[in-house]
Each structure stands twice: as C-alpha cells, then as structure tokens.
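For reference, chains read A, B, C and D in written order, and residue numbers begin at 1 within each chain.
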Amino acid sequence: MSEAIAYYPGCSGLGTSKEYDTSTRAVCAALGLSLVDIPDWSCCGSSPAHTKDHVLSAALAARNLQLVSDMGLKAAATPCPSCLTNLRTANHRCEAAPFKAKVDKLLDDPYAGGVNAVSVLQALTEMVGLDTVKSAVRTPLKGLKVACYYGCIMNRPPELMAFDDCENPMAMDNILAAMGAEVVPFPLKVECCGASYGIPRPDVVAKLSGKLLDAAVGVGADMVAVACPLCQMNLDLRQGQVNRAGGTNFRMPVPYFTQLMAVALNIADEEIGFSKLCVDPRPVLSKALAVAD
Amino acid sequence: MPVLTGKELRIVGFLCNWCSYGGADTAGVGRFNQPTDLRIIRVPCSGRIDPLFIAKTLINGADGVLVSGCHPRDCHYAEGNFYARRRLEVLKRFLPILGIDPARFDYTWVSASEGQRWQKVVTVFTEQIHALGPATRHENVSPELLAKVASAIQGGNRVAA
Amino acid sequence: MRIGVFVCHCGSNIEGTVDTATVAKASLDFPEVVYATDTMYACSEPGQDGIIQAIKDKNLTGVVVASCTPRMHEPTFRRAVERAGLNRFMFEMANIREHVSWIGRDREANTNKSVDLVRIAVEKLRRDAPLIPSKFSVNKRVMVIGGGVAGIQAALDCADGGLEVVLVERESSIGGKMAKLDKTFPTVDCSSCILGPKMVDVAQHPNITLHAYSEVDSIGGYVGNFQVQVKKRATYVDWELCTGCGACMEKCPSKKNPDAFNEKIGPCTSINIPFPQAIPKKAVIDPTTCRQFVKGKCGVCAKVCPTGAIKYDMTDEIVTEDVGAIVAATGYDLFDISKVTEYGGGRYPDVITGLQYERLLSASGPTGGHIKRPSDGKEPKNIVFIQCVGSRDKSLDRPYCSGFCCMYTAKQTILTKDHIPDSQSYVFYMDIRSPGKMYDEFTRRAMEEYGARYIRGRVAMVYPKGDKMIVRGADTLAGTQVEIEADLVVLAAGAEAAKGAPQLAEKLRISYDKYGFFMESHPKLKPVETNTAGVYLAGSCQGPKDIPQSVGQGSAAAAKVLALFSKDMLESDPQISRVDIKRCVGCGKCIMTCPFKAIKEVEFRGQKKAEVIETVCQGCGICTSTCPQGAIQLSHFTDNQILAEVNALCQS
Amino acid sequence: MSRLDALKTRIKEALPGLECVIGWQKGYDALHNTPLFIRGEADVDKLEWGALNVHNPAVYLPSFAGKKVGVVVKGCDSRSVVELLQEKLIDRDNVVIFSAGCDGVVDIAKVRAKLAAAGLSAGNAEKVTVDGKTVTVTAAGKAVSMPLAEVAADKCLRCQFPNAVLADAFVGDPAPQVQAAPAADADLAALDAMSVPERMAFWRYHMDRCIRCYACRNACPMCVCRDHCIAQSREPHWLSQEDSVTEKLMFQVVHAMHLAGRCTECGECQRACPMDIPVLALKKHLNRTIHDLFNYQAGVDVAAIPPLLQFKLEEDNIKERSW
C-alpha cells in the first residue's frame, strides 16, 4: 500500500507537540501511508486570525491548500484539530464566490479549490484501515486501559468536519482497540479541556481539565489518549495546576494516540518521544503490558 | 385578455389534481406570495400530460411551461408520474433541436402538503422565464437570421454539410 | 351552448385583490357566454339559488363559477347545477382564490389572471359532455388495518353497525401501544382495565374476523370492491389448538430474548404470549432465537404442549379478503433515541424511553410494577425526564410536536412519586403543551402536588459518573447551567410514522407526508378521509395522537364506512376513459400502461380493439396520452378539452 | 446461385401458402425500382434485389393484417418488421420473412446530383448497373460511373444491420459489417453545431416549404394510425388545416414524438419528401436521446418493451432538477 497525502504538521508540530509529529510520521511510514511534506507551508492563522478577520484567516489556510494543489495532490492530513478546523473552514467559506474573490485578492497564487483537509486520525481510518492497522501490530497493548479523548473540535461542527459521530466519536477507540488496548468507555470524550484559557483564566482550565481527569480515573483508565496538542498540554503540563486547584493527586499519563500506536508497532523510542511528556507513561505502560503477559 | 405587456410573460402550468394542484392550493391557503404569470391547467395525473401538449403550447408561443406531479412513488394512480418522468425528460431534450430553449420547460414534483415548495418552484421558474425574456415564435424569426441560415443550407436543400 | 359565468367575491377574500365585476364583464366576450355576474358568496344558499335561478331564467346549458379551488366546492356546485336540471358535468370552476387572490396583491394582474382562468374554464366547458354515472354493487365488508385502540374502536363500531369486519394486526395480539401503558392521563386510570374489555369485545364479536400476526400483502380493486391479500405469518403454533395455557413458556429453555412487548428491557422466551391479557391469547415461536430452529434440536414446547399445537414446519399463508372499504389505523413508532448520541440512549442502560418507563411502572411489566433501573435493579431516587427527544427538532428532521409526551411525562412524575415517595423527578421541557379537557390542570398537579421540578431548557449532555448519570442542561428561566445527578434518565422519545407506513400507503394508493404519516383528504373538513375513495384513516397513522383523539377518529372512520355502506349501489365516477372503436388500431399500448388493468382486448368484427372496464378505470388518463391516434379519451379531460385550454392561453 | 435467384427459389417454394409476397420490381425508369406484390408464380421473376431497392416494404404489412403474407426485406427493413411484431400489429405466424445480405442502396437525390454534375438529367436514365462498389448510370447514351459509397443512402453509411435481424429464409452469404462513415450523421452534426435560435430559423425555413402532403407519414412503416392520424382528425383536434409554419412544424413534432422509442431510422420519411426536407434529423435526434436515457434501440428485439411504455422506480440517467 502506498497511498500519498500531503502532510501539514502545524506550528505546534514543530515545537510543543514535536512528539506528536515524529510519532505520526513514524506510524504512517510503518503503515504504508506516505506523508508528503508541503514545501514552504505557513501558519494556518490559528485562533488569532479567525477571531480578528475571516478573510485573512481563510487566506492563510488557503495559501497552504494551494501549495498542496501545486504538488498535484488532492488532500492534506494534519495532526492538529485546530489547523484542521481552519483548513476546512477556509474550504467551506471559499465555496461562496464573493468570499473567495476577497481571499484570492490577498494571495499571490489564487486558490484553485478542490483540496480536502483531513485529520491524521481520519487518514489512518479511511486510507489505511483497521485491518491493516491490526495486522501491523508487533507488541499488542494488551492489558492497557485507555480512555480516548478527542477534544471538543475534532468532530465539530459535524457539518464541517464530516467525520465520525460528533457526540460519541469512535475512530480513535477503534484504532487503539485494534492495537490490542482495552478501550474504556469514556463519557467525556468530546468535552472541553479549557483550550486556550490556560493563559488568561487558568482556573477555568483547572476546573474543566480536572473534570476530565477525574472522569478518566472514574472509568478506570490507565492513561488518556489524545489527538490535540492543546488538549495534551492542558491535561498533562497543567496536571500539577489541576491538582493544586482541586486538591487532587492525579498522575495520569496523557500520550498522543500515535505514540501508543508507535509502541504497538515497535517503533524506536526517540520517535515515540515519551520523554517529552510531563507524566511519563512508560512505568504504567510497562506495568500494564507486563501484567498482561 | 392579452398578457400584461412589460409585466408578465405567458407561463402555462400543467398540474396533477391530487398532489401539485393541491400543493398550489396549500400555497394559496398559506398566503405564500407568488408571481402572477402562471396559468394552471388542471389534469387528473401527470401521466395524462401528453408531451405534445407542451410542445404545442411552446410552439404556439408560450414563454414557459411548467409541469408538476406527485413525487415518484406517491402517484395517486400508482404509476402515472413514472411514465410522465420518462416522456417529459425525452421532450425536454427534444426541444432544443426544434429551436426552443429547453429552459422554457421544466417539470417537478410537489405534494399537496408542500405549499412552500410550490411557492419556490413558481418563483424560481418565473424568474428563469423572465431572464430568458419573451419567446420568439417560428413565424417571427428575424429576416436576417432566416436569410443567414437559409444561405447556409446547400445542396438540394438538405442540412448544411 | 348557453354559458353563464358567476364570479365570486368570497367576501373580501377574492374581491380584496380581484375586480370581480370586471372579470364578469370581460367574460361576456367569450364565445357562447350569454350571462355573467359577480356574486358575494357563490357557495352560500343565496349564491347557489342565484345560479339555479339564472340557469332557469337564461336557459343556461353550462355554468362556470370563478371562486375557490375545485378541490373544495366542485361537488357543491355540481349538485347545484344538477338541482337546476343540468347534467352535473356541464360545469367548470376557475380557481381565482387559492391560485390568484391569495397569492398576490397586484389587483390589475390578479384581475387579468382571473379573466384568463375564466376563459380557460369556458373553453373547457364548451367541450364538456353530459356524463351519466353507472351503478355498481358494494361489498359491505370492511377491513381495519391495525389493532391499536383506534383500530379496535373502528372495528367495534362497524361491527355494532352490522358490518362484517376483518381486523388485521401485525403483532400476535391486538392492543397496540395502549396495551403497553400502565396508566392513562389525565385520569390516571389503568390502561389495561379500560382497553381490556374492548379487546375482549373484538375477540367475541360475531361480526369480527381477526387476523393477528398478519400483514397486508397487496391490495387490488376499488371502492366497494377491494381484494386484499393478507399474509398470515407463520407462528409455528396451530392457533386452532393453542389454549394459551402458557405451559410452553414455562418450559422453554431459551429465556433471555429481548421482549418486544416490554420494549426490550426485559427478557422473554422464544415461544411467547406477549402479555396476560393478549387477544388472541396464543403463543408464537420466534424462529430467530428458538433452539429448534437455530440449533435444529430442542422440541421442548412440542413435548409439553397439552394439545399438540406446535408445528415447526408451518409456513406463511396468504388469504384473500374481499371488502368494500378499508380503515388504516396503523399507529406510530418511537423515534430511535440512540440517534441522539449526546444523551447516550442505547449506550447507557439507565437512559430509557418513556414507553420503557411505562413498562417499569406496569404490574405486568418485567419488574412487576416496581421501579427498578435496568443497570443494577436499584430503585432510583432522582429521575430526570427529558422532553422533545426526536420532536420539535429540525436538526433531527423531526420538526413536528409529538403531542402527547408532555402529558404522559406529567403522569409518569405523579406515578413515580406514588411508587417511591422519597423520589424527586426533574423535567427538562421546552414548552408544556397541554390543550385538552383537564390536561393543563393535570400538569399543574404534577408540579404542585407531586413536587416534580420542571426546568425550562434543553439538556446538552448525559454521561455516567460512578453509578449516577450526570444530566447537564440549561435552565433558561434562571439563566444558569444545571447539572443533576440522576439515577435514571427517561427520554420522551418522539412519535414517528410506523415502520412500513409509506409502503402500505403505496398499496392503499393514498398520500403520505415526508415523515411517513398518511395524508387526510382535507386537514380540517375531511380528517379521516383520504383522496382514495373507500379508504379511511384513524389514529396516529395520520399524525401523533393521544388516546381520546385516536378513539374519536376510530369512531369517525366507522361512521364514514357506515355512511358509505348505507347504499346498496354506489355510483361510479363517470370521468373515465372511453375508446373510439373506429380509431382504435388494436396495438394494445393502452393495455400495457394502464396501472389498474382496466383495459382489455376485445374482438370487433374480426379486429382487435381495446375496451375500458368501466368500474375498474380510475380516470388517470395515462392511456389517453399513450394512444398515438387519440382513440381512447378520458372523459372530461379529453385531448380536445386540454387543447382548447392551451389554445385559450396561447392564441395571441 | 445469386442472392436474387436464391430468393426466387425460396419464394416459389413458399408462395402456395401465402396471400402475397412483397418485394421490389423494375420501375418506371431505369433508376427507380418500385414495390412488387407477388401473387402468382409468374410474378416471382419480376423480383429485383440490389442497390435500387430503396423502399421499405414493411410499410405494407399492417394492411395485410390477418392474412398470411411474405415480405422480402433488407437488413434495415427487417427492423421495421421486428417493431411491428413487437407492437402486435402483425402476427408472427402470418408473416414469412425472406432476406439476403445487403450491400447498401442508393440515394436517388445523390445520383441525380452526380448526373447533373456530368451535365445529364436523371429523367433520361436508360440503364443502371451496380457492380460491387460502383454504380454506372447510362443517360442519353453516356455512361457515368460513381462509387456506391458516394451515392449510397446516408443510412447505409452507418448501417449496423446489413443482414436481417429476423428472417425465416435468409439466402446467400451475409453481407460484411459496415464501418460507420463520418459523413453518416452530418445532418445531426450540423444541427448540433447551430445555436438554438439558428435551429428555429432552420425549421422555419424548411417548414415554409412544406406542402403538407403527408408523404413522410405515408412512407413511414411505423405510422400505424393510417386513416386515423390526428393530423387530420377533428376528435381529437390537434392541428388546424391552416397552412402555417406552426401547424406544419407541429405535425413533424407529432410524428417524431409518436416515433420516440419506435423509429428504426429507415429514412423513408425523408426519402419520400418531395421537398427534400430533412425530417429524419428530428427522429435521429430523438433516437439518440432515447439511447442516452434508456440504452435502447428500436427494432432489434421482438420481446423488448419500448422505453416509453415502461419505467424504473429509480431512473438511471434522469437527473431531475432540484429547486
């Protein structure tokens, strides 16, 4: 299998979520999904652009989509749900000709349209498929209880994202189950973690992320698998703040789902990048896998 | 009474009694405003509509013809609209070869409950006909165009090779 | 022909935007029009008298009335011209209300359009011919499809009126949804206590034949003479022999099947009688779970049956019933709550539907009338009711109100308090819809006497936490978010059209709306009639209804059937096709396309010709538009009439 | 044995059981063959076979309904027979079909043009010989040779069925399949290339010339209404007798629509037209539409149901407008 898709790591993929990026690349390579880097890609605009100006935001996203078009590809995958939202929103808004005209005015190279943006999760589900994933497993994640946390924007708004159920998504659950993990039903899988309120209102994040961690403990999860750099940061990096604010004592590892996949696929440690996480999953992981043996 | 010059065009509707005529009634009961051009001829079933009625209407100078019946599978007579769909589609594709813009004819399905859909259909179709403007009859082809086409027809009066 | 034209003001309905006097005056220019006038209300008694008088005074031979839609008053005016001595088909209408005055404000354009519509009507009338209906006999048997409370009422009323009734029920017992209810609002009387006797009456009535566990396979014929093929599904139990003793159910080793009668919150055996009061009280084997069918061996029920009624080799059977009228009373089904993923229905056992809760309340239900939640059998203390799940929700394509949920939820909060005095009910609602005698008072009682806490707002999410269900929603009156820790969540699942309703509608040749509910003939004036003669509606198949409405419709449909059957002969609609035998070349294209097999081939002087079977022809006119030489013409809608209408509009 | 002799032999064998056998004979001049009705053995020797047999003899079959007759057909004519059988206008038991491979027939108008180019009048044609691929016409003592391909009827240039699709007695070797020539559909291509208003002018021009003789209808084997054609009836009254472009065009539309899904493109309507009006183009256009929509071709399968007399619940190729 050698399907190719353009790869848009997003800015965080080069920084705070480097391990998401490296594990994604390694996992896709192992599963025969060819990720092609987009030359000279730029920031999607992130939250600041679309809170300020929809045209500007769409232009920043559309520039990248046009670069994909120039590569002769029809789709791009991104690990980051926020980038995905911007790319898909730009596509949607550009369906209206007057809007697109304004966007094109800001671009040197007008967007020709027709480039689809998907999440890495969707690409793995639809382009690789569960059967391939299952047959590629080397070290099954047997005995590991994982709560899959999708974040609030991965599947929303459903008309725009057009993938999986927006209230009870199952794509990540299915993939990690295929990897041999025991996926626990996690009722808050699309609840908000507090998102970018970490800076202006850390109390809000402490409360919301605390609720998620509490629920994960409640359903007996060993760890919470995530698919979003910002969710990961709130649940992992701010776990100390959560504990201080709520008087709790969580020690919940929060790896990216691609990192857990990489473990099951026997990918090298430096590409998995567990060392970059605050709560190290490795002790829990080795314990769970050892018990299972 | 002639068409109100400059205001209306001649649009003829053929509606089945059970669904679309009822849908037009429902639109009336709901006071859904519509353009006034359309004149409705009521027939029992869209299957009663011989496509030649439409051809005759258009050749005789109507600016537009709209046919509406029950949605497929909902025909009061079970099958009439299925036959109609085939015949009307054939006619729609035949019109341009006669020199009649196929956009002057449309067919659709509106149920007796779909007053709002009827309003939309009438409004959109009427706008479409107004965009096309008054139809030319074969009798009234401009002498210039007639001369041009006639001169292109060569060799025993057959179609120009 | 001497034509009179009457242009109706309809009070100000038409006159408000149409200059009727001008329309009348313009009509005088049309060929053969000798009299034209405007009139205040053409359909009123003085209006009709005026038409009759004019026919006599002016020797009119044809009449055009320009007023409302012919779907409304064509029969009225046809009777009027008939009273004046004309054939009723020497009459045409111009619809200048629904198609003119009500859809535009431009008086000039409306007046002009009205004149055009009168012109069309005049041109059609000039080619009308007197038509004489022929008479045909009526088979005075009626079929009622669906044995819920509406169908039961219709069947009993028809049977009491002396008609033979064939009642067809899809399930193995009649009773429908009402049989599943514990109590009924607003009286809180026991559902099976009031329905049970009616069910027994059905079983014992000498005029009623009941086909339970049966479905309508196909329907042929027409009013007065329908032929209905009923498929009696295989029960694998000979009902002639079965006494309903229940010995088989006691011994059946396959006991863990989801019980459909208990809305799948309790188990049942593979051979089963759904509930103690079932009519008929006969057992049915479910071959998808029965070990004899699944594994090929077991045979316990055959061994224990004292009458030897078990027949594993039974097959479906088709019986034909000839009837003169059909009442459709096929009821409703519930919206699938698992489609609302944020509430977790179908995923979390303690999120259930109102009807499931009804089974928990019922003494004949799976918990014996003790409220025990499905997950762990504990008695719930905090119960949250969520309204409008699959109702009034455009995003789920269910924009309509299901009507009865507000009331049954109020009833359930009252019953909950009765069962568990230290319980607390919460109701998340959008509006409380309680129009009906003693209905609003009943909801007040739920709140004021039984302490149900009503919270106006939608629920965003339901999720489990420990052994509780967290219900998070908005209280829009307080303007806050609320979270309630519930032990049980009850969703008021909306009503939707019964499964298979559109397919049945197609067999009945009646219309249905986009949600699958059957269309009545007129939303106000003909609520139980359909546009197909001899087919009537009762109950929720037409749209969600509560019990009194359904019963009322059952009786109403029965009255319509009795009125239809009060005559020994019916008049056939003479608007049918007729063959001009000289023009017919016998190609048979009309025979091929007729949906009713109403045209047959006959020999005429050694040549093949088509002939219309008068009573079978429904008047669609497909044959007329199929025949190339125009040899078969639909009376009252002939080629010449439609061509005249076209010419009236197109001659410049 | 030549195809003609073989045909004669078979017809002679069958003749005693037949009311008549329809074929072709030499006509009023060397260039024209005309229909032949063989009623006795003496008539058999009048039969002709070859490029001058332009008429479609199937047109006469319905008038013999109820009697057992034979008919000699070319491949194209046989499709009309199939169509008549399919519509139950003739009885399979009452018709015996004789046929042989056909190498194409001439279009007299094209021959006339060739002769005119050589300074000769078709009226003076004395002798016509067809030798393989060449037609030689002698007029006023002068022989003019022309390739058959250049004077063949348009339908022969795109012939799909040089051999009968249905025959009881097929004699001789089958004729080879024809490679469709690009010129075969020039009439449609030319109309396609016009704008819609130009097409209106086109028909206006031609209908102005129409003399309303109904030769097109009378030559059409599928015009089975005959005396009851709605063009002349009052009940129903589709057309007035007014000599207007509109009424004449409407008649052509009636003819074409009545043939939708039935026309085998035998071309008799156009061949019969004394004014050389290209009326076949309308039917060809409809046939193309019918083929695109329903993947159907008339006159090849007796058991087929014509597309406009049936339907599918979901049509494959009809994309309705959404409003």
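Things to note:
Going forward, a residue touches a chain if its C-beta (ideal position, glycine included) is under 8 Å from a C-beta of that chain, and two chains touch if they have at least 3 such contacts.
Model, not experiment: these values are computed from the prediction.
By number of C-beta pairs in contact, B-C leads over the other of C-D and B-C. With centres taken as mean Cα positions, chain D sits 55 Å from chain C.
Here the spacing of chain A and chain D, counted between their Cα centres, is 70 Å. Between the CA-based centres of chain B and chain C the separation comes to 34 Å, rounded to the whole angstrom. For the pair chain A and chain B, the distance between C-alpha centroids works out to 54 Å. For chain C, the set of residues that touch two or more other chains comprises 593, 626, 639, 643. Multi-chain contact residues of chain D (touching two or more other chains): 238.
Contact with two or more other chains is made by no residue of chain A.
Annotation, chain-chain contacts: A-C, B-C, B-D, C-D (touch as defined at the top).
Those residues of chain C that touch chain D in the shared complex are 580, 582-583, 585-589, 592-593, 606-608, 626, 628-631, 633, 638-640, 643. Put simply, chain D touches chain C in their complex at residues 62, 65-66, 87-89, 224-226, 228-230, 233, 235-238, 258, 305, 309-310.
On chain A, the positions that touch chain C within their shared complex are 165-168, 185, 187-188, 191, 215, 218. Residues of chain B that touch chain C in their complex: 1-2, 4, 7-8, 10, 12, 17-19, 21-22, 24-25, 27-29, 31-36, 39-45, 47-51, 53, 56-57, 60-62, 70, 73-74, 76-80, 83, 87, 111-113, 119.
In the complex of the two chains, the chain B residues touching chain D come out as 51-52, 55-56, 59-60, 72-73, 79, 82-83, 85-87, 89-91, 93-94, 96-101, 106-109, 117, 120-121, 124, 136-139, 141, 145-146, 148-150, 153, 155-161.
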